[in-house]
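Paired with chain B in one complex and with chain C in the other, chain A is shared by the two complexes that follow.
Right after this comes the complex of A and B.
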């Protein structure tokens, strides 16, 4: 900033475009959703402009609670699996010679260049009854009857983990790579084995990465609806499908809006929690 | 003779194709303050890391109290390290940091608490148990790092330029404290530094390293007064180096000829016509207006610099070489431009061989011979 000084533009010029963007693409739609959630559904689809809290009341119905519970369970499983797979993955990459790291990080980023629906569709061709894996196993004589892999809850979980793994690996990599090697040497020097060093030094110091990875997998997985539809066959209902259905097939916009707001609320709470943990880490 | 605490035998270390430590042989005695001194990149830190077990030997063996530890992991060696950047665990408070090694050893909680308190007292940080490293100054972190290492009752404490990050005043204070700590505890210290003043002030013995080779091992006095190589003479303190050749050898005395003059030194083992370096410390040089029996090195007084306790005089020889000498007082100075003769007490000058391979033979000989210059 020093040396070449820029002319000071008025605040409204500097913040204006950002504010406008947020207003048009975030605030107005959000208020629209809030508004809809308090209206009444029209039996023939669409909404009636009559105030009602009926959609919020129905959030507490047993069926919905069950779906929410199931969604959270799936998201939790996804987040945990992403951590379990992502941590060793990130650890190995972070400990590679510098020249190799960028290639492996590139491999992780590469799938982002292809639309995720197409990638998930790719999985279905692998897992189908007459898909690549079954054909291969049958030809090799390892199995005599095709395995039922696609359209199971397991397939949904697989798709979720596949889709969200990069979001776990990247923050984990960032925090592992930052580790001061001399701290690990100090732990070894003080008598800790490799495993103990991991437990007492590496893992605690990479907690910010673990938190970031958990959130970045847990939150998006709550909203992903097409994976459970494409890979799980849509037979098991999750909160994402539920919301989608309220808008597209069930035509209950207020309920869909209320469900969406509920999801946003959960996300905000989690983010708040994360920044709190982040602050604690900074203090240490 | 007592078994050395640490013994390095023909230690060689390569990093890829670069030989960083070249055939190092070194015995460190129990309870001594041993310093590895050398310029950056001389292999001193690598040697320390080899002892700690952070680096794996390419060749040779390392013995700890007579036991071969070459293949042992860092956590299996009863040595502890004080790191250059302290390497305190940022997520643990002072107490947890110091207790780290004790927890690994499964020492009882009450005992740990007692030991931590004892260590904090030792490094004068009582009452700081709950502080986080981020809330401490560099000097305090340094003390915690020392306490953390010593809490494990190591046989040897390895210190990798531990005072490098401190400011000068604190550094001087910590030098003395460390020295006293070492003497009181009787733990063997291996200290790495590039600061020759620090090495001279703290050590029982110093090993001077250059290019992966131990050039000389000896007490600070030996290293300073009787350097065995040109590098050591040049690296430790200020010195005047003169190219010369041996003119005449007689019983215990050697007459040397320089480009502009000649001198006489006390030395044995040199041959006629051999090319040598003469090395004399500035404080051992004297000047006079006339001839002296054995010295004939004339030059012109170029300048005087008063630096407090002493004054520095620069004498320029006919070939342009500047000879530096210090005199205790400003009085009796020859005026600038005066022609003077330089001389010294005959045992104040050190004569060194020029050819490197001969120097190395000499070092090896002194190291092998019992009662050689590596004996304090």
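Right after this comes the complex of A and C.
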């Protein structure tokens, strides 16, 4: 073995583990989900090996359609708010002196390193009926009755935006930073106002970042079931909670599997749309 | 540097007070809940709603909460084990993809993006379904296996982007001088890609510590992680000992990440120095 290199052996040593790992823990589980989605649930909560498209048919039931509509609306609101808050913020950072930018970006990433349950728990302390914000407003005499903030749909939206904002800022920052300053100068020299320069030059050029930011907020928000449970109190059902329930409480695995595949389908369509506009690497 | 660019930079340095105010508000939004968690760890009231008085008791009493401590221990164990495994497999994969041309190359490269692209919740239930189909009880083992699955691709991709630029002739030189494959890898390749490995490892560690959704489906009754433990308590009410441990976790995480950033930029600087000597 010594001295002589045997190129064949290292190939298997180096890529074998990855190949096997992805096969066993990614491919096979995903095939399991596809398989289960075509089976039938039995009354005791298990699965019968009987082919059926019942789960897919039930996706079109009115209740489920309503939940999906509500989920997409929430995700869309999340993505739009993240863009509205994140774009100006990324713009401010990208226009700072180069030496400072690193630190400002670091401070955006820092909260992301701390577990989100801990951070969302902080929000619940703030928003409660007897919580920090209500106490403060009552003491200052601004309100006479505590505001109902926690366990509302608005709180869920707040939690989603809070959780996903850094994912919007980073791609936005990357594309704003790449802007060619000479183009902006050209626009100014040609007499364009600031607003016009932004609408006609800056914004179109940063579209890849806008798309990446929308995807990175929209897609994950569909699955963050624990945020609607912690902030919304779990009273309003979203697709994430619905999937979770099929596997844990309702024990209708085929339906849960069909819903999951529906979610993958949506993701793939969005990613496909995205690759038409930008490059996948811009996502990072 | 191009003189035109530096002129422009000078123009840009004018900090607009409004834009600074805006940036500060966004940071306030991001840090407010974290500060609140820390502040309430010093609260005398057991019901964690109003701040009544200052105490450091909870930092000692948290050790008596055996379920909290167990969940913390599980979190560290899962994060540690999955990070080490992810680093080993991911680094080997990245180096392998760099060195070899073979039939399945594009298949493996593309497959690395699957766990990243599919929604976490789907990934979580897919693993749950898989583990139950092979009759593997959910617990610490299934947690570690699933954490490796979502961390490893990130390590592989990070290390790979790092290798993309390095000079292959150094490896060949080592082999010509009589070093075998293993020795070449340990003594030549690994030191070169070290900044990438550290970055990838840190990413794996963060992802594991941060994960809620996938852990939710792949943990068992005796293997709750700290986030899952808090999630289960939030509606019933969380006592300040949880805040105390969370505060330590927050400070620990920030500490580790800052050290890692410094170490990484040191390594990169050293390398820059070596290159300029050449």
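Everything that follows uses one rule, which is that the second predicted complex is superposed on the first by the 260 of 284 C-alpha atoms of A that agree within 3 Å, B and C clash if a C-alpha of one lies under 4 Å from a C-alpha of the other, contacts with A are read in each partner's own complex, and residues count from 1 in each chain.
FYI, a residue touches a chain if its C-beta (ideal position, glycine included) is under 8 Å from a C-beta of that chain, and two chains touch if they have at least 3 such contacts.
Treat the numbers as computed from the prediction; the structure is a model and nothing was measured.
Partners chain B and chain C fit side by side in the overlay (superposition on chain A).
In the superposition on chain A, contact is made by A:192 with chain B only, not with chain C.
In the superposed model, more residues of chain A are touched by C than by the other of chain B and chain C.
Looking at the shared chain after the overlay, A:84 reaches neither chain B nor chain C. When the shared chain is aligned, chain C comes close enough to touch A:225, but chain B does not.
In the overlay built on the shared chain, the residue A:26 is in contact with chain C alone; chain B does not reach it. Rounded in steps of 10, the angle chain B-chain A-chain C defined by Cα centres in the superposition reads 80°.
In the superposed pair of complexes, A:11 makes contact with chain C only, with no contact to chain B. For the three-chain overlay built from the shared chain A, the minimum Cα spacing from chain B to chain C equals 7 Å.
In the superposition on chain A, the residues of chain A contacted by chain B and by chain C overlap at 185.
By the touch criterion given at the top, residues 52-54, 73-75, 79-81, 83-85, 87-91, 100-101, 104-105, 132, 134, 148-149, 152 of chain B touch chain A in their complex.
Of all residues in chain A, those touching chain C in their complex are 1-3, 5-7, 9-11, 13-15, 17-19, 21-22, 25-30, 32-33, 36, 85, 88-89, 92-93, 95-98, 104, 106-108, 110-126, 128, 130-132, 135, 162, 165-166, 181, 185, 219-220, 222-226, 229-230, 233, 240, 243-244, 247, 253, 256-257, 260-261, 263-264, 267, 271, 280.
Interface of chain C with chain A (complex): residues 5, 8-9, 12-13, 15, 19-20, 22-23, 26-27, 29-37, 40, 48-51, 88-90, 92-93, 95-97, 99-100, 102, 104, 108, 111-115, 117-123, 125-130, 133, 145-146, 148-149, 152, 156, 175, 178, 180-181, 206, 209-210, 212-213, 216-217, 226-228, 230-231, 234-235, 238, 246, 249-250, 253-254, 257, 261. Contact residues on chain A toward chain B in their complex (touch as defined above): 180, 182-183, 185-193, 196, 200-201, 204-205, 283-284.
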